[in-house]
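Just below sit the structures, each encoded as structure tokens.
Heads up, the next two complexes both have chain A, just with different partners, chain B and then chain C.
Here is the complex of A and B:
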């Protein structure tokens, strides 16, 4: 297809879209007199249909597939799931995922919370907030490439006259301090933490923004009353601020936790899941598309789904509670 | 293993493509009008056998992207002009993942260029691949021989004719540096070790440089090392048994082979010239790994023929130039095992115009057209095992050397083993465990883990 063909196809697609929407609106206008329930179904119906076709059916297929072998031809029961919880390689994957989910949300939230309190009402608040919020605007892949450069390693041997120059910021700092440069992405298990740093760097801004809004929403009377009662700023934080923003804190924590369960781009871009850094979402892709083990890949996808559900349920309930107040 | 640097998609690209939910039909416009292939005479009378294909379109889907795709499109121009058919070439860096998805979904192109026999077998298993037409089989018998025909055969049915090829048993070096220090190109493996020790003893630089990082395909250059040494330690017959899993992956010959590789790559005195210690092999991009040769920071780099394209512009790649390659020697001069790779042309449709293109593709005429187009448009970098290839169409000294090795009757050619193994091993455990091996895992543990991954 050349450019002209593509343009024609695009115009046709837009026209078709307009016709379909016009038709729906026309039928709705006819139905409108017969009661709201019917109209509602007319709008919800296509969505439900698409959800079934695009979400429920593939999800069902994935579950079925996870019970089959690598080629998807013979039924092997739960062997793929036992493999996830017994093979040493897969256990490393699970360990890393747990590490991501435990470390990232708390560190990112604490950093975001402290920063929000620190800049609250200070001069230049908007600029200070924009600075920490900026990484949110970068894609995960972009952020990973940036940090890959930060971690970049060149060897340094004081006995050799001509040393390659460090091009990684972190290793250059180490060399300036008189230390040996490190292979941050290679040395296990610490390399996982250096990957997690990227996620924290991105998510701290998100946590800060949401929490800052929640802090500003605490009624003035409460903080004033507490101050009149003579509490210290630590006590104010402990007994007033945190309880007041608790629902928001939970939402932030759970949202970041879900993001960490699904983390794929960062691991894939920075290490490809090698050197003991793979996580469930990355391993699912590797098994399905590189190693050709579709059964195990599907089982990992199902596991991911199962792990995310309780957090999402909790997240939604907290959101509702927060809104109900 | 992939054939060329261009085919190798970086992890970043993979992730980008995934997040953007593209199906990745990176299209490229047809060949440029002024690109003519003067050296090869084309007579439309030769194309009459294919009949009048006016108005017919044949779609090709491949992982060979710009700039290497242009010579492909040029090589089909005479066919298009003489028969009236249109060849629609689509390149996609995510080819290897996408072609399987497309085959399973029933959304296949007419023709695909598949770089691995293992992937060919997976495609055949989807039931969408057409057996090769008789004319193609006859051409392959005439120009390629049984070894190549077997690679395109699955369960006794011949499906795919070979197209391009590459030679992997090469060691890159600097002729200038060799002359300056009085080093000789080694004739046997013992010579190679003696040369390595001599370079290390001279102390100007570490003898070898190596790097195996390649995004999600990290580890493949190391599997090539292992394959080359299985061929040399055990001989071609044992190699075939090893590839077919008739002997265990952790049996005696593979163990000796991996240890032999370790004598070079895991020895801190021998690696990693200009880059760092042994572990840097894991994190150095294979494209960068051989470059220290140019600066005199290392002397030897084992890598396939296509590596020529990685040297900086202005580097003289020639027998008496800045860099060149020699055949990775065998135990003694009486045998000449050659490790290589290649692409295969697979069809998913049996329409007459598709069969016509397949037949043309498997001829010596096409091979020479393609070689001439590559020489003209990308400075070479393409050879084939087609015995009808006229080496006058090659301009690149490395292409000439590779073609000479490939077409030498004494050579015992063996195809890249990991490309033939099931994906769980070939693109899974073998890559991953080799990477773990270079960062410290023992030979025994590495091989038994790969053995355990065999489906």
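Here is the complex of A and C:
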């Protein structure tokens, strides 16, 4: 297919879609004219159908499949799940996932919160925010390439007088400081933290935007009163700002935590999950598509599902409480 | 933001006792944005920007230079070229990324349009129509946001193979549509409920059919919400790797930019001249969309997360 063919295929698809929608609406208006009242299913039907085919049925299949062996032919009960919690390789995957979920949300939120406060009401606030927020628009693949280049390592031998120049910024900084360059993405277990940095870099902008909106929504009277009482800016932050935006903080933390559970692109692009950096979402892909272990892959996907649920339940409960107050 | 003066003029000077007595409001602001805060903000913004800036500079350097010296050496020894971009955007070369850029466009447009339309219809019926099981169904759709797409990939791949669309644009379009629907229905429903009910009821009493109400009343009022979700879905689809990798394969027939760049990072030996230029071509589109429509995007983000 050349360029024209692809574009034609796209336009045809859009036209076909328009025809289907048009037909649905036409039938609805015919029925309505005849006095039929139950036309709602024509509106909601396509969505419900797609969700059953695309989410509900596959999810059920995957749960079943997680109880079968690598080839998907014989039933093995919960053996795939016990494998996840007992094999040394899989335990590293779990450890890394926990590390991602514990470190990223807190650091990203703190950075985002501080920055939101620092630039709040400052001149050029919009530009300052865009600088931090822009990584959100970049794909995880693009972000990974950007950071791979920061971490880039050139062979270095302390015994040789003239070594090649470093082209990665971080290693050059080490050289300038008189230290030896490091293989940031290879040295375990620290390489996990260097991958996490990429996620923090992306998510801080998200945290900053949401928290900034929450801070601006704090009634001016409260901050005014506190200022009149002579509190310092640290006290203002501790006793006024943070309590006032607590529900939003919970939302931001949990949203980033869920993002971290599902993180795939960064790990895949930067290390491929090698050198002890794999996480559940990446291991799912490896087991399902390259290692050919369908059962274990399915179990990892289900595990991901199970891990997401308590975070969302906590999130919704916090929101309910905030609304009830 | 308009700064309304406080209703009661404060005569006492603020506790820190500096010049402007009347406006405690401004004093509050000053407290929060001290010189140190400004310095810290500038440092953070710089640290956040340098990685991207470094790769941008790199994309304009000759391949030989990239592999031998750091990008910061251009400060003392400037040497720029457009060669990397010429290779990446060439119409006839094995290293060209152009087919993948086209694929990204072809994938993204229907993947944004389809879920928006379907979700608007569904959200309308959830918001303004009466039918049995409506509330339960809405909760179910809302709850489906929890399902990670990993859970669905392999069974879907089997379905696509059975109906013969595996490895075509159709598989990618349909997948993105299905995955985007729960959030779209939820967001659009929230916006739609904010439209005063009297408006819809008045139209219905006047004898307007649902189709008329949908097109004449809802769509115009929903424009900001549609834009918000559209941008959200656009960024998500354009930046996606997992769905594309699973359903589009790696050939330049269907695979988007993200897959092409991902494959480049896997090849041994550093092709930084291709990677840097390619990354910037793929970044420029979402960044431009984001900067142009930032207000809508943030609004969508806030509606999605704060209401949650």
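Note that in this section the second predicted complex is superposed on the first by the 286 of 325 C-alpha atoms of A that agree within 3 Å, B and C clash if a C-alpha of one lies under 4 Å from a C-alpha of the other, contacts with A are read in each partner's own complex, and residues count from 1 in each chain.
Just so we're on the same page, contacts are C-beta pairs under 8 Å (C-beta built on N, C-alpha and C of every residue); 3 or more make two chains touch, one makes a residue touch a chain.
Because the structure is predicted, anything quoted here is derived from the model rather than measured.
J.: Looking only at chain A, is it chain B or chain C that touches more of its residues?
T.: Per-residue touch count on chain A favours C.
J.: Check the residue A:39 against both partner chains and state whether it touches chain B (first), chain C (second), both, or neither.
T.: In the superposed model, A:39 contacts chain C only, not chain B.
J.: Return first, second, both or neither, reflecting whether A:71 touches chain B, chain C, both chains, or no partner chain.
T.: First partner only, chain B.
J.: What is the contact status of A:213 with respect to chain B (first) and chain C (second): first, second, both, or neither?
T.: Only chain C; A:213 stays clear of chain B.
J.: Scan A:293 for contacts with chain B and chain C and give back first, second, both or neither.
T.: Touch partner of A:293: chain B, not chain C.
J.: Going by the contact rule set out at the top, does A:15 touch chain B (first), chain C (second), both, or neither?
T.: Touch status of A:15: no partner.
J.: On the A-aligned overlay, A:268 touches which partner chain: chain B = first, chain C = second, or both, or neither?
T.: both
J.: Can A:155 be said to touch chain B (first), chain C (second), both, or neither?
T.: Only chain B; A:155 stays clear of chain C.
J.: Thinking of the overlay built on chain A, is A:183 touched by chain B (first), by chain C (second), by both, or by neither?
T.: Only chain B is touched by A:183; chain C is not.
J.: Taking the stated contact definition, name every residue in chain A that is touched by chain B in one complex and by chain C in the other, in rising order.
T.: 1, 139-141, 144-145, 164, 264-265, 268-269, 272, 285, 289
J.: Spell out the residues on chain B that touch chain A in their complex, using ranges where they run on.
T.: The contact residues of chain B facing chain A are 11-12, 14-16, 18-19, 27, 29, 97, 100, 122, 125, 215-216, 218-219, 274-277, 279-280, 282-283, 422-424, 427-429, 432, 435, 439, 455.
J.: Under the touch definition given earlier, write down the residues of chain A that touch chain B in their complex.
T.: Within the complex, chain A touches chain B at residues 1-2, 69-71, 139-141, 144-145, 153-155, 164, 183, 185-186, 264-265, 268-269, 272-275, 285-287, 289-293.
J.: Sort out for me which residues of chain A touch chain C in the complex.
T.: Per the stated touch rule, the residues are 1, 3, 6-7, 9-10, 13-14, 17, 21, 24-25, 28-29, 32-33, 38-41, 43-44, 46-48, 50-51, 53-59, 61-63, 65, 111, 114-115, 117-122, 128, 130-142, 144-150, 152, 164-169, 172, 201, 204, 206, 209-210, 213-214, 216, 220, 223-224, 227-230, 233, 236, 248, 251-252, 255, 261-262, 264-265, 268-270, 272, 281, 284-285, 288-289, 294, 297-298, 300-302, 304-305, 308-309, 312, 315-316, 319.
J.: Which part of chain C faces chain A closely enough to touch in the complex?
T.: 1, 6, 10, 12, 14-16, 24-25, 27-29, 31-34, 37-38, 40-41, 44-45, 48-52, 54-55, 58, 66-72, 99, 102-103, 106, 109-110, 113-114, 117-119, 121-122, 124-126, 129-131, 134, 137, 141, 144, 146-148, 150-156, 159, 169-170, 173-175, 177-179, 181-182, 185, 209-211, 214, 235, 238-242, 245-246, 253, 258, 261-262, 265-266, 270, 272, 275-276, 279, 282-283, 286-287, 289-291, 294, 298, 301-302, 305-308
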